[in-house]
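The next part holds the structures, each set out as structure tokens.
Heads up, the next two complexes both have chain A, just with different partners, chain B and then chain C.
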Partner chain A sequence: MEMNVTRRQFLKLSGAVAATLAVVELGFDEKKARAESSDFKIAKLKPTPTICPYCAVGCGILVYSTEDDVVYTEGDPDHPINEGKLCSKGTTVRQVYTSEKRVTKPRYRAPGSDKWEEVDWDFALDKVAKNIIETRDRTFIQKENGITVNRTDSIAYLGGAALDNEECHLLQKLFRAGLGLTYIEHQARI
Partner chain B sequence: MADYIKFVDVTKCDGCRACMVACKNWNDLPEEPQDFSGSYQSHEKVTANTWNVLTFNEHQRSDGNFEWLFRHQSCLHCVEAACEKACPEDAISHTKFGSVVIDADKCVGCGYCVQGCTFDVVELATYKDKYGKEYRKAQKCDLCTSRLEEGLKPACVTACHTDCLIYDEKDTVLAEAEKRLAVVKERFPNANIYNPQGIKGTTSVYLLADKPSVYGLPENPKVPLSQIVWKDYAQPLGKALFGVTTMAVVGAVISTAINKEKGGHEGGQDHE
Partner chain C sequence: MTNHWNDLQHANVLMIIGANPAENHPISFRWITKAKENGGKLISVDPRYTRTSQMADMYGQLRSGTDIAFIGGMINYVLENELYHKEYVANYTNAAYLVTDTYSFEDGMFSGYDEGKRSYDKTKWAFKTDEDGKVLTDPTLKDPNCVFQLMKKHFSRYDVDTVVGVTGTDKKMYLDICKTYGSTGEVGKAGTILYAMGTTQHTVGTQNIRSYAILQLLLGNIGIQGGGVNALRGESNVQGSTDFGLLYNNVTGYMKTPEATEVDSTYQGFLDRITPKAGYWVNTPKFYTSMLKSFYGDNATKENEFGYHYIPKLSAGKNYSFMRLFDAMYRGELEGLLLFGSNPAVGGPNARQEKESLSNLKWMVAVDLFETETSSFWQKEAGADPASIQTEVIFLPACASFEKEGSVTNSGRWMQYRWQAIKPKGESKADLEIVHMLARKLKDYYKNSSNPADLPMKAMTWDYGEHDHPDIDLVCREINGYDMKTKKQVKGFGDLKDDGSTCSGNWIYCGFYPEEGNLSKRRDSTNEGMSNFLNWSYAWPANRRILYNRASADLNGKAWSKDRVGIEWNALEGKWMGHDVPDFVVTKGPDDPTFKDPFIMIAGGKGAIYSTGLNEGPLPEHYEPFENPMLNSFSSVQFNPAVQFGEKEMNPQGDVSKYPIVATTYRLSEHWQSGAMTRSLPGLAELVPHMFVEISEELAKEKGIKNKDKIFVSSARGEIEAYAMVTKRFKPYKLKDKTVHQIGMPWHFGYKGIAIGATANHLTPHIGDANSSIPEYKAFLCDVRRA
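Right after this comes the complex of A and B.
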């Protein structure tokens, strides 16, 4: 068979070969750039340092948050206590914000009631203040065995690990000096 | 860039499980509530949504003493990875960090990698698209590759407070591993460094307190020959053949067109 290929035919033919090679190239060079990983989710987010609210060790935590969400939390590498490490509970601290089980409004269960109902802050704070002062006044002991004691044994106060020194100082003032409590405890000692 | 590897010294682990939580936290994995199974271990094994699990192995030693062995169980990122060999879609590959990652866009959820995995760490997760139709994707630990790219350590390593988990240069880590092995040999005579050479080593190396089988690990894992043949020979050959076929078909179409054209212009002179 004698092939009389014109210029036009030659161009068509070479174009076809190039196109075929291009298909092969696109479809079969799987080694190139296939290891794509997912986006870096804390890119452009500025971490906010905070203190773990759980135990008394007081580990430092970095909170990566957007406008309306907490995206990631991890140990603060610059914090002298934990140097970036965290326990399993401290690692869950993101859920304090993101969990659906989080309670966002004060709730009140009336005496004899079997259910909680949402109330506003004014009601809740008033109720707590009223109950404290009523209990304190009812059970206040001024003298015992002739000694001035000025105390109540009916109320106990429990502080949490998220409190700092200054807050603890104010709470001591309020509960020990102000109201006369003697049962003042801190989670750190339990 | 120097090679970096992850090191798991199970003799330093205190079972706090921060690595598990850190993993869920970074990778935004959903919770998987479990029933109490009579052990402190939370999950039976790693799943598609729980990429690392701390196993609590209650083990009786040969001298009759009780030993509570912990192990941070997650993908070992084998250098010769059976999952990669098994994947027909080339969705599984090695990154420059040595981590074995699954490309979710390419994964079709066939589950060959689940069957193929030497350490039983790959599983299929079920998702729903916007029409409510279910589809599946293989999921497993990716060694936090997105973190590695930014110069950070994997989330589990960042959280670990006992230096049980380390991520560092390979030589440094292996030297440290030998040092620690010498220290723990006295307490754990069977202690060993688990970096199986049958699969050309792993990017996550263990210091185990007892024989691998005690932890449910294969003593000398290998990628089955059939999988290597399938991936390294059969598949490329099939693709090459597909390429040849494509070329043949395209070529045939073109030549037919040319012949037709010739026929139109030159009036049947193409027959000798």
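Right after this comes the complex of A and C.
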């Protein structure tokens, strides 16, 4: 069990195990016991359907979450490709949320510094915008040999294969159609 | 994929080459297993005996980088033994086309080569046409200059003995594979080819795939249920991100990026250049103009050529692809780098050199869920001296897929919606929100500028709401497209216009969001026939599940097989009907002269056995990898003559005398890509905690290495240390005149996260395919020794 399961969750989970054992010892119908024990964890939660973020098979996953925690995930039984099944990665998707390695605040590393500083979003986005504007405006080529080219070859963009389509559209729009970047590449190339 | 995952169950024979779905696309294997339960045969072709091989009826071992030899021999076998689908080949492919007399092929080289430029004049390979530009044909396929005869002659050199001397495959097994896969040429049978990065990541990667396509066309396997050429894509939305044009040479929907040339200096000139004279792509101007309208809205007018000049024009002839980008960074030409979920310090070729180039940047922005080896390249842990690195780095925490909403497109082109299950963790945000906030800031900065250079930013529309969090529904509507006047959603790309009256962010997706609503959200899993699930999500284009499905029916429009009905011509109804959305004009009947032209995207409508589009020739030819253990057996030309070299210092070359062992990289079930999203999870880190290298028992004995020993693997680019996994899964190859060893290793590891280990890409070369510029990760030379 990973590090950041809260005490309340831990009790809840071990409670589920204890309940299962007790029922079995009392000789109840096994199927019914299984149904009840799985009810226990997620009974009051509404599952949200999602698609696995790893490979491109596109398996369906149901996410059972509270306001501030992902309680349980399982394969979506209605999904025509995986019909409820998941692989090792898909099964572990809850930990993408719970992993203590998640970065949850913007960070800044000053030139020459040997550490990150935690900063707020305004500071971070202002820095990003300032850098983009400074480099773009200074390196922008509006015309080349009399032809309007409207580009900068000094800023590169990489990434997108794990993003949503809607995000890819806006990234294309801002960085190519708006800012004039030419070095636009992502994982499909490599 | 031309087909989709559920459809794999319909194949009589499946050949998996350069892919390992049992481990890398595990759930897809259910449908492969189903095909086997239905009596289908499974062939696995791979340098390593994988878990896919273990499930296969036949396993063909091949040396990394010899796919064209392997498939070339199969094509030759199919032709010599007349196993091909004669009616299909004669009518649905360009086999009957005549080729001009300027075409020639001699000792590994096609005609028209310019040694100085390392490129061909492709007009030398053109088809022969009459005065009206119509291609001349010989329906008997006997003319020595017809595609069929030229192909036959070309591949006649790929005899079985030469082939297995190059690939290292057991001869008897090879012949069994040829026979078994060749059996799908029988009318009514279906064979499918599945491939992944084992195929593409070579200096001949594109021609590897071409060789599969030729074999599939010969056997009549394209367009049918249970057939196809199927790329198993490895990331949840790598299909979508490609469709959405996040590549230097493509804008959305596979349309070209303009260049700074005289021809492209006007929108009309550009459109004339990129729009073919025939085939469905004649509609390009409608798609392009609609895309420009989605970028610039009412600021794209007829008078300003629909904002065409706001799109940046590439420097003419310049390659801006991934490796060239790092070359430019190495030379200090780049100031800034924006990373949205990208980790080249682990995933890039010659990754250490690429990582070191990062310190030439003035600034870097990393948007990610986890700290990666790239975003922390300046740290001591990375072997860097922080004080000497002047790059300013800003890390923006992104949230996970289920902490936001939006759609992803799977390998089978299904655009599936993901709903938000929980609010973003901590202060992390959706990438959509991040780009939205940034765009609003930048728009605001440029809004009062009178500098002509800032016109594109001013003209770009950004109407997704006035709050930090954008209204995703408005983004979805814009991607589909709508009528600019009525704001009504367009029904499909057939309704797009070139006069500026419609917009569409991505024409191939146009149709997913009609007035009725966003169809990617559909969850009706009823199987209404052939497991195409037409009411589940949405598949581009036009909700079509099998591409080229006209070819699933014979010359009269009847299905080749009663068991595999895709679409059929219904004479009573006067239209194509069946289990799929027709990839053909629905009402085009037998009276139409183009009734037998199934490949509607291609001018002429015939499947391309012979193609003038690729850089190294109209037919695939075997060349050895950049680093190779033997002389080319098929010609005196050792290396792909059309491959372009980049920065020399980024790409040292190893020689077989110093590095005698062939190496390849691969993936594991438990980890994914550069590892940030798996090595940071305790569950997956525990399952596979260490970096390892698989070596054969024979090589281990030669080198005095035992299982679990620490070993060094070195190449011309660097050296890594890892555990040895001594295995039966690799076997030495018996090639023409020598025995050669191969090793393999996962490429997921780096020094961040919970499970850490050496980065395999410190070893891989910085050179790529002559067409796609994908790096040659899958065949390079190395040496191994005990640590």
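In this text, the second predicted complex is superposed on the first by the 109 of 190 C-alpha atoms of A that agree within 3 Å, B and C clash if a C-alpha of one lies under 4 Å from a C-alpha of the other, contacts with A are read in each partner's own complex, and residues count from 1 in each chain.
Methods note: a residue touches a chain if its C-beta (ideal position, glycine included) is under 8 Å from a C-beta of that chain, and two chains touch if they have at least 3 such contacts.
Because the structure is predicted, anything quoted here is derived from the model rather than measured.
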Item to complete: Determine, under the contact definition given at the top, whether A:Asn145 touches first (chain B), second (chain C), both, or neither.
Response: second
Discussion item. Which partner chains sit in contact with A:Tyr72 here, chain B, chain C, both or neither? Use first/second/both/neither.
Written reply: first
Worksheet item: Counting only touches as set out at the top, which of chain B and chain C does A:Glu185 meet: first, second, both, neither?
Response: second
Fill in: Contact breadth on chain A, by residue count: chain C or chain B
C
Practice prompt. Have a look at where A:Cys87 lands relative to chain B and chain C in the superposition and call it first, second, both or neither.
Written response: both
Discussion item. Per the definitions at the top, what is the overlap between the chain A residues touching chain B and those touching chain C?
Written reply: 2, 82, 85-88, 90-92
Discussion item. List the residues on chain A that touch chain B in their complex, please.
Written reply: 1-2, 9, 12-13, 16-17, 19-20, 23-24, 27-28, 30, 34-41, 43, 72-75, 82, 84-88, 90-92, 94
Worksheet item: Residues of chain A touching chain C in their complex?
Response: 2-3, 48-61, 63, 65-70, 78-83, 85-93, 95-97, 99, 101-114, 116, 121, 124-129, 131-133, 135, 137, 139-140, 142, 144-190
Fill in: chain B - residues contacting chain A, complex
16-18, 20-22, 25-26, 28, 90, 93-96, 101, 103, 106, 142, 145-147, 149-150, 155, 158-161, 239-240, 242-243, 246-247, 250-251, 254-255, 257-258, 261-262, 272
